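You will see chain A twice below: alongside chain B first, and alongside chain C after that.
Right after this comes the complex of A and B.
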């Protein structure tokens, strides 16, 4: 099995790249989720001006490829004088971009609760904050969890784009090995396998959650 | 100097030339996936090894990044003695990935039609062909239009990644112009506007179709 010798030799390097990919996705998913929930709440409860601001934000984020945003942040950030390490710059773009998609997921979760839930909470004399806290959020988050996990899969896949702006993670690691060994097929196949392991595990978890949502709790 | 009119006058034709490649790639991918998703979805819904194969294919392409698939096709196949141009490998990777997504959309649409619709059709003595063409498929088509529109938008955005394998799409043209002119703001604005126009057009077309087919809901 000489064909796969480059892959066997480089597997530790690839694994370290995969670790970096997970680290990057993990660092981005937290702010993305928080911003996503905030955006969803603003879009549902905000004043008209706030609502249209959110809609404009979603329009821009959903209409422009992530690669364009990443590339231009890479070029523009030094011009604005903000001194941010490349890793955090990329994490910022990833989370701002995914916040737009997260907000849709959470908004759908909140809006898909039957009106009766709101009425019941209100008839018990609950203020909005309490109502959200103990009636709406627990149910909406459960409904939103399967698509949320799917978005996390997409986020992991999207981190491969940061290699184009020169950050080191799994895709970059595999490109480096390919440049050394000239064995693109084996190495990229190995990288694809690693991505598959990470994403498929998460996707399976999402499917498990979905089944739980569908068949009662 | 940002917003120099003479620079913009030279920039716009170049970007539009790149946009042409982006549009070509997107339209070709959409057309191929609309057709190609169908056999995959059908294979997935019968029992037996075919369903297993189709399911494996869908999971594989959905859980690995498009960029890695492009590298695999572009560098991997040329190493294996099948050199494809950047455009062809980009198209192949885009189709491979999105066929998986479109097939799942078709399957979801078919599953969302209530079993009673089938039973009612049979009770009326309809033949299988009549049942499918007059009762089931119109409902499926109406239901898959919104997710297909989303997929079309994501295809348009995904085409930006072909810039990584040296296809002169609008993204690559923009990269070259930024690097040669350092006029980042103008180029970024131009690219953003082009992508926003393309994705808005796609979502507008989806809305029109949806309204056209509203009778089937």
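Right after this comes the complex of A and C.
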């Protein structure tokens, strides 16, 4: 029992850290999703120049480790004169980074619909916007939801990197407690458990969505 | 007096009014010419059945009529209005209409596809009312009442709230017919609508089409059902190699074909399907 005393004493601190982690992931997932959908649409319907620009962006984002991007932005932002609180700076980086992956998920969802669905919609006199709104998106978003949830799990875990630029969340909170208690195993076991609970819940939800997609209505 | 009564019997259609004019359209897929200089005129209320071997351009012709497929030359008009391209009166050049105009012209042409292409995330009723409500701006209640009438016409009144996956192929195809009719099109195109169906389900779809033909709908039907073609057609068009080889009344094309190509096709067909 004594072995786990540091963890029991610090549990409230860790829980608050986990809350911060969720808050950060939640704040990033909304703009990441919106940007992801926009990027997917640009990549499918944009002019040639726009499409190339989007593809270039995707390659850059996929080719840089998030940790490097976070650190780089951390030093770059003050130089550009943009005065952003650290939290929002990090949320912005996470959003832009994950938008690239989200766009691939949505693009795959949209393109996996058979051409016949587009034909049917067009033949009824629908124009592109309406077609997307009532025929394509409802089906594509359903198809995209399992990989989307998967990305969200990824995003939660990725927030552990932001402690490198001094932001306080679950990983940072754990490190602080460890510095005071010198009990790294117990504390990080607790942190890992909390991460696991958050991600597992989401992953279960993803599995549920996947079954719904596979078996229709 | 005699004259009046005899004309009434011999000429049920008072006057030939062209509903569709396809003039000299050509289409290529790369180097392959799928349509060569095809022209076709269909009168209001006329039922034209297009037959011919696979790859002869029948389906492509239908898809070009409402510009689901683009074509390089020629012009299509529906009820006098260009659909897709118009000629510039001064230069004679062919100009593509705007997307808005093209969409508006598609509203006037109903099409039913081989694989039904219903929207799987909508119920039968939603499938039918979606376009009238969202494209034409018909009040939802009016559109739903009309949809139920159409479902009754195709014999599916009890399926309004089902999703398409719960229906048989024949039922789905009849919903697709109702969905196209809900836009009140001036003409209907049928693209091998029974080819994907179990033989037992073909009859119910053909019956719906026959009903439609009797009601005076202008129809172009691409099919491999020869006996149906003979029954329903006012005119048969035989296509091969991207062009129209022969056309005429059903009895003429089926029993006294004037070209060897048609003779050969019909012979093969008869050999194949004689039980």
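The criterion applied here is as follows: the second predicted complex is superposed on the first by the 217 of 217 C-alpha atoms of A that agree within 3 Å, B and C clash if a C-alpha of one lies under 4 Å from a C-alpha of the other, contacts with A are read in each partner's own complex, and residues count from 1 in each chain.
Assume a contact is a pair of C-beta atoms (placed from the backbone, for glycine too) under 8 Å apart; a residue touches a chain by one contact, two chains touch by 3 or more.
Quantities reported herein were computed from a predicted structural model and do not represent experimental measurements.
By the touch criterion stated above, A:76 is placed in contact with chain B alone, chain C being left untouched. Once chain A of one complex is fitted onto chain A of the other, the partner contacts of A:7 are absent, as it touches neither chain B nor chain C. In the superposed model, A:178 lies in contact with chain B only, and not with chain C. In the superposition on chain A, A:191 makes contact with chain B only, not with chain C.
Counting residues of chain A touched by each partner, chain B versus chain C, the larger count belongs to B.
Judged by the touch definition given at the top, the superposed model places A:161 against chain B, while chain C stays out of reach.
In the superposed pair of complexes, A:37 makes contact with neither chain B nor chain C.
In the superposition on chain A, A:123 makes contact with chain C only, not with chain B.
Touch criterion not met for A:28: it reaches neither chain B nor chain C. Under the contact criterion defined above, no residue of chain A touches both chain B in one complex and chain C in the other. Within the complex formed with chain C, the chain A residues making contact are 116-117, 119-128, 130, 134-135, 138-139, 142, 216-217. By the touch criterion stated above, chain B contacts chain A in their complex at residues 59-60, 62-69, 71-72, 75-77, 79-80, 153, 156-161, 163-164, 171, 174-175, 178, 184-185, 188, 191-192, 195-196, 199-200. Per the touch definition, chain A reaches chain B in the complex via residues 59-60, 62-68, 71-72, 75-76, 79, 153, 157-158, 160-161, 163-164, 171, 174-175, 178, 182-185, 188-189, 191-192, 195-196, 199-200, 203.
For chain C in complex with chain A, the residues that touch the partner chain are 66, 68, 99-100, 103-104, 106-107, 109-111, 113, 115, 117-121, 130-131, 134-136, 163, 165, 179-180, 183.
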